[in-house]
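First subunit A sits with subunit B, and in the next complex the same chain sits with subunit C.
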Partner chain A sequence: MFREGPATTASPGKASLDTRYGLLGALLIAPTVLVFCAVIVYPLISAIYLGLFSIYTPTMEGEWVGMDNYRRLLASGEFWRSLLNNVIWTVGTLALQVIFGILVALMLHRNLVFRAFARSLVLFPYFLSTVVAVLVWRWLFNDLYGVLNHLLMWAGIVDMPVDWLGTMPNAMVSLILVGAWKYFPFVVIAVLARLQSIPDELYEAASIDGAGAWGRFVDVTLPQLRDVLIVVVLLRTIWDFKEFDLIYLLTGGGPIIGTQTLPLMVYKEAFALNQMGGASAVAVLMMLIMLLFMILYLSRARD
Partner chain B sequence: MNGLQNKGGMTRRRALQGALALSAGAAGLYPATGRPNTTLRWWSTQSSPEQLAAYRYQIAAFEAQHPGVQVLFEKTSDEGYPAQLAAAFAGGNVPNLVTHLPSFAVADYWNAGLLSPFDAVIDAVGAGRFFDGTNRVYELEPGVHAAAGIGNTAANMLWLRTDLMEKAGIERPPATWDELRAACARMQGRGVYGAQFPYAKNSATSLVIICFIHGAGGQVLSPELEVAIESPAAVNALEFYRSMREFCPPGATGYSWGESLGAFVSGAAATGLYAGRVLVNVSNRNPRLKEHITCVTFPTVSADVPAWTFNDYPSVFIPADAPDRELTRQFATWLYEGEGYIRQLHATPGHILPVLKTAAQDERYLDHELVRRYSGEIALMSTEAAAGHNLGWESPAHRINVKAGALINSGVLAEMVQRVVLNEERPRVVLADTARRIEAIMKA
Partner chain C sequence: MSAPARKSRRYLFNLFAWTVVLVIAFPLLWMLLTSIKPQSELFLIPPALLPGEITFEHYRRLLTETPFLTYLKNSAWLAGGTTLVVIVIATLGAHSLVRFSYPGRERLATLVLFTYLLPSVVLVIPLYLLMAGLGLANTLTSLIIAYTTFALPYALWLLRSFMKAIPEDLESAALVDGASRMQAFVDVILPQAMPGIISTAMFTAILAWNEYLYALVLVNSDAARPLTTGVINMLVTSFNIEWSLLMAASVMMSVPLIVVFAFLQRYLTRGFSAGAIKG
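So, the complex of A and B:
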């Protein structure tokens, strides 16, 4: 019998094999999908859902309030102040991390004595537990026994100990500096790896064209670092934006709410005020803000 | 003979299984009685090295009497317990027993239905052995106690350095705020600050400012629990608290209880606002001050206003969802028993004061170097603590405030202090705003 229609290349046996391959593929990817759903999709949906309720944290019981949590937050000065703090902290610490990171990476790229040792040493702050790092810094900043104040007074720069963590803007400045110290090694690792793969011919060609050290850095090194810096800035922005432990342990968000960022506000709503619904609403807003930043940043980077 | 078999006919696998079972037995996985292991988890905010040693003694004695039972002590802190307990309650992973939390936290949890009645333990200890009225703050429903007191604390005594007072020509301890200011001004200098008040954004600052509001004759809430903080007395308290900033170390803006204590004990502050832990800390960490410290009730705005002592009424309670509740009650009862309870008291003499008449009169309790040396101070703290109050129960006329824990944890009072002291905002404006925030929390 003649049958008109699209030509089929697969025999019944082949179709069955394709189906089996398809099923095998689904089976192989299933664990990943399940884990993704468990650790990403479920918490995300859960946070959005909880944000629509007024929930007492210890009992996790509450009532439906719809968008009230969001309306309350957006109308409160505390949310906007926390967001502003979040932006100041993220931009401040990220800028310092990138600048220090590139400078140190350039230094470690040169033929130094004990270069291997110096490379290991520079990673130390990044590997140090945040709790330990904060304890060390709190002692350095201590008003009565801190080395920093002793040095400043000994040098005659100040007459009385400086209150590094209890007043503004000192608290935010200290926070940004400690954050930069803690996380700049990540930038060093990434930039150093890229520096080692830049062909020497590019520098030689630039030198022949009459470029000095600054010219070689601006016209050769920086463009070559562009891709790696995009990734570094993207990752560190995400991590710094949601930083909790370092800020909480160093200043607790104070004085008043001078260094309170959105993650600290989530914690405060959830555990100090026992309002899990409000905390979820802050977390959802935070996610949306970050998403917006990321879309903008990636579109700019692509351009 | 098979190479895997030894002379006794035992296979290597069986020998390994036997060794494993022995190791497990030694590690306590299989107790001698054959009962499955039971672990009781005990949380406390009080965990100085001296206290941990006392707890270890009590735990070891209890475990010896109850084979197969293990008691696991887990530290929490004054600043950390609200979050830790909220997470534990929410996750259904609660400890069996919690001790030393303030009475207002107990009221908060009881109100949410999170605690188990504690009357069986009080009866087992012997209700008549407690000092009269010790457990009244825990009777949150008629005839039902949510917890019991494990000690008393007079948290806002004024500690003084008698050597510095003498040097400054101060003849008697300050009794009013003006006298305190003058004394601090005269003793401050040469690396010594006049005082060590907390100005941080934490619960210590919140709790301390309440003492000053009462010391000015005011109150945070009325006896009917209406917001009453917006008053001339509270303005006075905030202005005085701000005026004392110049006598406190610069880092007092980050002080909690521990740092405040450290400042006095180390000799960096001439006066101290604290409880009896000063005694053991001075004795162990700065013994040269042992002869030069004493305490009095904290000054008030004037002689007309009586002292208001802050007693957080350290408690013992059992969460409603705690497993092994009967065994937990036995352990809670055990904490009050003889030598163990006295060791707890001796760990910080004068800080955790006895709630049992029998313990207070016990020769073993009285026969301690610090209890003997500072008998006057400890007697004063005991009297003051017994008549003490806190935000959960501001005066004998007040109803129990089940929202006190939420008020403290919200940080609204500490922020009020920081706005006045650090931002130099006008107390009246800040108080009006604070009153609104307190009102919202009370109604939530």
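So, the complex of A and C:
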């Protein structure tokens, strides 16, 4: 766009303008890069390094132990149990989020009285602080006065109040349900946005070909949703896998370590057992597991 | 299908859909109702849906007899401070990523997205040691610094998508008219990007308002505790849990979110899923 006038070939003037612009661009991004290095890159490298030490949290004194933390972890039942819990939680809550999210999105896509208000009500849990979500659900789950137990007993589904959070497998089921309630709006909004951009002609063509409602859903809607669903599933896998707040606040990883996932194990090692080195090692292992999904997502997001 | 049949089908669908919506919203409705019921009505068996009498006693007690207002003030400072720092840096950075070319630019953009996915539990231990080393333990400043770890990548990514949507011709026209690139940025790009900047600021403020883990680890005094850890502290330190008080606190914590939520309707898709949907 600056190639007007006689000097169209790479003249010194143009080269210096490009260089100057490049420099200005670098200058504008410099604060970002500096902050990134200070609060993300340095702590990240530091976490990997700390994993090679044995550090007592209150005094922060440590000694080099090499790979001992990792050897100890991989030989411990607790690490594998936490990893298994992490997978159960992630797969369980994600499956509910996706299924429920698609259904509700289809519902909200159709004509509905006060549709905008209905959408707001459905989307709001995602906006809410996890602290608030957990407080509300703990009150709903309350064994004596919780409204959930009363409802179930009134409907004749159970005879005795259910201990939702204190026994297994109830605690895991409750976690998965609350996680699904809190995070399914993410699927709803992504699917809803995509539904609105599917051309009507596709449905008309399918109808002419004799497809019923179910046929149109399978042949038109699902293939059109495929790409957005892949990205949503990858993102939510990453986010659900690293979830700390919801699990820590709802069950604290209990009963015993029944619902303890890897992020909770990191916290426990560092601040309850005072083993910062061991905690960093858990964090690094957790990140390695997540890396696969991150790379998959990044490769999709780039194109 | 006959017209009456179609009409009754529509009616049934509406009934069904609104039942689903109300079931989803029920926990929040229950929170609101619990917060305005007299304490004695909480323990009715079976529980009554609507309060027999409405009281704002719990809100009064929350504001006068608990440190709630201190937490609220801290949360407001945190959300405001984090947003200010992050928006200034991210606006410049996003402009650079969208409108300038230099080696490593694409790699940097990918790195931003990568850090947006990093788990906080990995960074929290080194940040804890760093803050202790800098003498910032138990301060709001330490939390603002920690919050940039997730708020900056988020804001940068969201702003990048907003700024990409601004037509390139606008800046070119200003440059042809003799403006420098910084003048073009201030006079042309910034006004165009303003709705994007404002909504990004609001989304960022919400992230900071709702944050829990860093607040749990980095701050251990009521003077610097935000609402999230503060309200949980009220739960764990009380002898018998006062649910009406906690529900009142939950409502108060959510009111700013409702206001912002209403304001952001147009941008929800973008803000929810920065990176998930191409903007």
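Convention: the second predicted complex is superposed on the first by the 261 of 303 C-alpha atoms of A that agree within 3 Å, B and C clash if a C-alpha of one lies under 4 Å from a C-alpha of the other, contacts with A are read in each partner's own complex, and residues count from 1 in each chain.
Here is the rule we go by: a contact is a pair of C-beta atoms (placed from the backbone, for glycine too) under 8 Å apart; a residue touches a chain by one contact, two chains touch by 3 or more.
Since the structure is predicted, the reported quantities are computational estimates derived from the model, not experimental observations.
Look at A:Val35: by the touch rule set out above, it reaches subunit C but stays clear of subunit B. Taking subunit A as the reference chain, the count of touched residues is higher for C when subunit B and subunit C are set side by side. In the superposition on chain A, contact is made by A:Asp163 with subunit B only, not with subunit C.
Contacts of A:Asp143 after superposition: subunit B is touched, whereas subunit C is not reached.
By the document's definition of touching, both partners, subunit B and subunit C, reach A:Met60. With both structures placed on the common chain, the touch criterion links A:Trp154 to subunit C but leaves subunit B unconnected. Of the two partner chains placed by the overlay, neither subunit B nor subunit C lies in contact with A:Ile208.
Contacts of A:Ala75 after superposition: neither subunit B nor subunit C is touched. With both structures placed on the common chain, the touch criterion links A:Tyr267 to subunit B and to subunit C.
Of the two partner chains, subunit B is the only one that A:Ile256 touches; subunit C does not reach it. Overlaid on A, the two complexes show subunit B and subunit C touching the same residues of subunit A, namely 60, 142, 267, 270-271, 276.
Only residues 82-83, 85-87, 89-90, 109, 112-114, 199-202, 249-254, 263, 266, 268, 406, 409-411, 415, 418-419, 422-423, 441 of subunit B touch subunit A when the two sit together in their complex. Listed in rising order, the residues of subunit A touching subunit C in the complex are 1, 21-22, 24-26, 28-29, 31-33, 35-36, 39-40, 42-44, 46-47, 50, 60, 104, 107-108, 110-113, 116, 118, 120-133, 135-137, 139-140, 142, 145, 147, 150, 154, 181, 185-186, 189-190, 192-194, 228, 231-232, 235, 238, 242, 244-245, 249, 263, 266-267, 270-271, 276, 279-280, 283-284, 286-287, 290, 294, 297-298, 301-302.
On the side of subunit C, the complex with subunit A involves touching residues 10, 13-14, 17-18, 20-22, 24-25, 27-28, 30-31, 34, 42-43, 45-47, 88-90, 92-93, 95-97, 99-102, 105, 108, 110-115, 117-130, 132, 145-146, 148-149, 152-153, 156, 172, 175, 181-182, 206, 209-210, 212-213, 217, 227-228, 231-232, 235, 243, 246-247, 249-250, 253-254, 257-258, 261-262, 265, 268-269, 272-273, 275-277.
Residue ranges of subunit A in contact with subunit B, taken from their complex: 56-60, 141-144, 160-163, 165-168, 251-257, 267-268, 270-274, 276.
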